[in-house]
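The structures considered in this document are given below.
Below, chain A partners chain B and then partners chain C, in two separate complexes.
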Partner chain A sequence: MGYKAKFRVYRGDGEQGGLENYEVDVNEGEVVLDIIHRLQATQTPDLAVRWNCKAGKCGSCSAEVNGKPRLLCMTRMSTFDENETITVTPMRAFPVIRDLVTNVSFNYTKARQIPAFAPPTDIKAGDYRMQQIDVERSQEFRKCIECFLCQDTCHVVRDHEENKESFAGPRFFIRAAELDMHPLDARTDRKSFAKAEQGLGMCNITKCCTDVCPEHIKITDNAIIPMKERVVDTKYDPVVFIGKILRRKPRETGKI
Partner chain B sequence: MTSGTLSPGRARITARTLRTDKYWISPLLTVIGITAWITYATVRVFQQNYYWAAQGGDEAIRYLTPFYSPCISNGCIEGAAEWGTFLPDLWFIPYAALTLPFLFLFRFTCYYYRKAYYRSFWQSPTACAVNEPHKKYSGESRFPLLGQNSHRYFFYIAALISIINTIDAFHSFQSEDGSWGVGVGSIVLTANVILLWAYTASCHSCRHIMGGRLTNFSKHPLRYKGWTFVSKLNGKHQELAWTTLASLVVADFYVMAVAAGWITDFNTF
Partner chain C sequence: MTQIERHSFDVVVMGAGGAGLRAAIEARMMGKSVAIVTKSLLGKAHTVMAEGGAAAAMGNVNSKDNWQVHFVDTMRGGKFLNNYRMAELHAKESPDRVWELETYGALFDRTKDGKISQRNFGGHEYPRLAHVGDRTGLELIRTMQQKIISLQQDDEREFGDGEKFIKVFAECSVQEIFTKDGAVTGCMGYFRETGDFIAFDTAAIVLATGGIGKAYRVTSNSWEYTGDGHALAMRAGGSLVNMEFLQFHPTGMVWPPSVKGILVTESVRGDGGVLKNSEGKRFMFDYVPDVFRKQYAETEEEADRWYTDADNNRRPPELLPRDEVARAINSEVKAGRGTPNGGVYLDIASRLPAEQILKRLPSMYHQFKELADVDITKEAMEVGPTCHYVMGGVETIPDTCASPYVKGLFAAGEVGGGMHGSNRLGGNSLSDLLVFGRRAGLGAAEYLDSRGGAAVAIDEADLQAAVDAALAPLNATDGENPYTIHHDLQTVMGDLVGIIRNADEVKDAIVKLDALKARAKNVSVAGDRVFNPGWHLALDLTNLLLISESVAKAALIREESRGGHTRDDFPTMDPKWRQVNLICKSDGTAVEVTQQPVPTIPTELLSLFDRAELKKYMTEEELTALPEEKN
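Coming up: the complex of A and B.
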């Protein structure tokens, strides 16, 4: 059964703009992105929205629906009341290019700062071997579709623009964890990098990143907290420090 | 406002949040729950009475509330002070002053409680995608919150204290003359200890120590099994954090009620 839904959509850019009201047809089984496309087709042909796969796998249509960071293509209209006014805005942690499209280049800047995977020097290419139980933790983080909803909801940068310089954000903490837990990554400085360069200590683990992840990656429990504990191993744990002196190992924990 | 979500270039939306759900309920319940628990615990810890159930007149039972374990003050009743008494009996020194600060710090630095009180008490943030009221933010990167990194030490101490609680629960099945039996109190104290162990073992630091710090699980199969088990418990850490707050109050209140003579403990002694 179709009905007319009330929508408020952000129109404008980062200089000026606001929420504009629309009434638009909704059919059974549709998602918010369908309604945005119908708006484009029938009422506002210049409405800007970034999208691609419509299957929750490309991470393009990230926005905020009723104030919550969501993928437009994965937000079913059936989850709303028919009389409800649905508000759609761009991600509020990033600069707006136009309407629902944001400039997410902050994330690519942070991605480039992470040292790449370093293959072991004592094993020939082609001879790399890993067991499943050694890589399964890293594999969870490879599910990331880079929608940047976690970055959008993280209050460290959402509410404090000045922190963007020193804070990489949850998406790149899972990258740090993925590499530090990787059995063949030869670098041993991932922990100190996460602390000093990525601003891991600024995260106060309020779990909003986990709450909004459309891939249900346990970002906080499986990446950020384990990385914090690994930093504690190397920076704050005198027991580990004494143990390493006795065993004559460098303080930065290597691969165990 | 020209910072936060109204920083230059961002959407020109002034609302603190556009969320329409009741996002404030969870932090409100957290504030109510934690405040009520701290109030109850503070009153009981400084009450210095009704902590040893044998006071009720039934000398057979030996129930010691976890809030007074181990009872190490000179003011402790003889039967309750199994570990010796060496603290002066002053009104402002809890009878279990050796352990209570560490148990408090274990929970204060716990990753779950941190989330809970940062959101509810400190409003940083109140809820996801709700602007926080603070102008500056440095997280846990500076003193005093840098001290949150000491969580694993309080975990070690809390595990030792859980052993003491376990001994108390064990003794609740034994009467003064050495005979064995079971009472409602021993069941309550044992259930509380089991939950305390589950909460302690489900701690994120425990998970890390057990095997989280390893890179090659395949070379450490026993630790991998331990890590897998603790990971399952860890998934229930939030629930266990609240359940143990409740179980501590239930255990303490039961002992107090029996000690004060308000109720009679049903037992086989």
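Coming up: the complex of A and C.
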């Protein structure tokens, strides 16, 4: 049943490195991460790869297989031809640390910039009441395992390092949407924050993020597009505009 | 001397799973500065793997539930070996800990009246598990991660420095804890990314490092579970309790081979899934032990009625505690009634409509579809036991989570011992880490207040020695490959100290572990210090070997079968052994096991049980000493 597969794996750090060729055993039912682990155990003990759960739940083993952003643990070997050379490279949008491991601190920085959930001040713990139908929209986005493949594939930052400063990326658009749709979040400025501070406007809806999401979250359709529409609504709807001035809401820019 | 990055914090929390994050939140709220040190990136810890839910007697689905019933279920599940005080605190405080998460932004599934929904699980009398589909652990860890960001944002606003009180050190492994005169002075470790060393001067350390599953090959645990906290606690002078008790989760995937051991949530059974052997028989009816006879259905008809009318029917035997189900599956496979891949069938396809399965078990559907090409809405899954959880852990004082031996050392979550006795109920882990994570953070803060502000500092010679030890595998040449030793260790533990044990095999294991320890001293790795997995494994091996020795030695001494410890040479439960805890201590090279009495359960808690039930667990002397009571 087993066969020898041809692999090309990136070896090196951020400064220098290149693809190296390996021949490695493959058994029935294995995934790419198994093959990387076999390389570690038998040929290249210092081959660096991040992984944890090996079940598509933690989002650690993100890399690119034949140029496509993938979780290594969820990419089955049976999806390749036995004669095919399989190329495994680190995520392109982030600086390489070593081999398949990249520095993903960009994402943690962006995470810290989103204003946290604002609990309602008039409801005490234990008294929260929400309907299932109302929590489901946010729950879809909370399925996110933070593999950052959507961030990796997004062309706004993939080859444009300069955009990272002003662009939070799809993972954090769904975080904004999740809070916006949370039935009890006390803040009302999530949409304008997404536009003013997260660079939502730079997204031009090519849906690449949705395509690579291993959790099949409809990032573009269910989060980005509704957030864009609402931004437009609230920004240009004259009634809303006047209402806002009258109510004089603080923190409308979303500064924290 | 090698350059070492140096920090000083009030509290260092080791581990960023649920227990670690909850401890950090509490210590911060008590005004302490906290370093969170985690082997992985933030948000990747093993808590994300928890699927079923967090057990808390909120009574949202069945109003008869209360802390007393939860306490009784927990003690019964642990076969009365649990530390009663931990089980009591856990049952009483879980609801508040779950509700609190909603104020951090958690979104649990709801009941019709808008409360947190609760699901059935093995060993729990009432629907009790707060859940989010089958990804509850992810919700918990993300919620607490986001709460920490929220606290950092407060600090940013107030002090202009978001990391003034909480700083996360990601992909950083702690290698050694330092003490002076029996009190913590700090710890050292290295960054996985760079191999650079780091040291923390601190008077309080909270261990929240999880379990030891990587001592076994078939396990639901990730590479992180190398018993670091267990081993560090022992090396610092602390003790471990109940190490002979390991939970083999009954339902791990058995095919394909590369995912063997990956968890299949108990929610499948909680939501109606049944276990069948190769003859199509629902075999669990044959495996209901006497101690559980009263609570479980005797016919398939009664069991099936229970899902819709739990008040008037008894529970299906598929929902027995995990140890019972794991042993039953093991017996069926041994008797030749297993599946082609050596498991049994777990069938939800014939029990629920496809759209319900997709709704309630989305990540299971996904997992089987992607990894095994099995559509669980159409076919049965193949499952078998997998090493899942260690009941044993660092011995602590229940109210504060403090080690009785090392001042300033605390433990919470899976690395802690005592709470679950000889077997943990599903769902009690997520609630455990919330309850005791908070208590450990509080305990650490109170300890710091009580000792005053005297500065602590690591002894420089100790620090240098720890650095030298860490560098040894890189400096050595022509030594053995750590992967080979790890592989051999897993073989010894799986074959000789696995789900079913006997004296001869365990003795053999102890001899073999000794030989592995000698080989591990002679390990060498290629490459440099930058993200070098061979080096990381070489360092983790020391911990794995020390805790494997603890498991084996305790397993040899306990001559009975109870919960997660099954001896085929002593197949029954012995009330005399219920009075005994086995305590492991170590000088860092070998493990010594001593016997210690189990704390006496106070009368008011014992009165929650029928005398008839207590008879199954207690000695004649204990029973005669009991006051005459209800019955």
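Here are a few things to note about the model shown:
What we mean here is this: the second predicted complex is superposed on the first by the 236 of 256 C-alpha atoms of A that agree within 3 Å, B and C clash if a C-alpha of one lies under 4 Å from a C-alpha of the other, contacts with A are read in each partner's own complex, and residues count from 1 in each chain.
In this section, contacts are C-beta pairs under 8 Å (C-beta built on N, C-alpha and C of every residue); 3 or more make two chains touch, one makes a residue touch a chain.
Being a predicted model, the structure only gives us computed values, none of them experimental.
When the two complexes are overlaid on their common chain A, residue A:C53 makes contact with chain C while staying clear of chain B. In the overlay built on the shared chain, the residue A:E82 is in contact with neither chain B nor chain C. By the touch criterion defined above, A:Y108 lies against chain C but remains apart from chain B after alignment on the C-alpha atoms of chain A. In the superposition on chain A, A:E146 contacts chain C only, with no contact to chain B.
In the superposed model, A:H160 makes contact with chain B only, not with chain C. In the superposition on chain A, contact of A:A116 is made with chain C only, not with chain B. By the touch criterion defined above, A:E64 reaches chain B but does not reach chain C. When both complexes are overlaid on chain A, the residue A:Q131 reaches chain B and chain C alike.
Contact with both chain B and chain C is seen for A:H182 once the two complexes are overlaid on the shared chain. Shared contact residues of chain A, touching chain B in one structure and chain C in the other: 103, 131, 182, 256. The part of chain C that touches chain A in the complex is made up of residues 40-46, 48-49, 95-96, 99-100, 102-105, 107-110, 113-115, 117, 132-133, 135, 138-139, 142, 146-147, 149-150, 152-153, 156-157, 162, 170, 193, 222-224, 255-259, 262-263, 363, 366-367, 370-373, 481-483, 487, 525-528, 530-535.
The touching residues of chain A, when paired with chain B in their complex, are 10, 12, 14-19, 64, 66-69, 84, 87, 89-90, 92-96, 103, 131, 133-134, 152-153, 155-156, 158-163, 180-183, 199, 201-208, 211-212, 221, 225-226, 228-233, 235-237, 253, 255-256.
Put simply, chain A touches chain C in their complex at residues 13, 27-31, 34, 40-41, 45-60, 74, 76, 78, 97-99, 101, 103-104, 108, 111-112, 114-117, 119, 125-126, 128-132, 135, 138-139, 142-146, 179, 182, 185, 256.
Across the complex, chain A is touched by residues 3-5, 7-13, 17-21, 111, 114-115, 118-119, 124-125, 128-132, 134, 136-141, 145-146, 149-152, 204-205, 207-208, 212-218, 220, 224, 234-235 of chain B.
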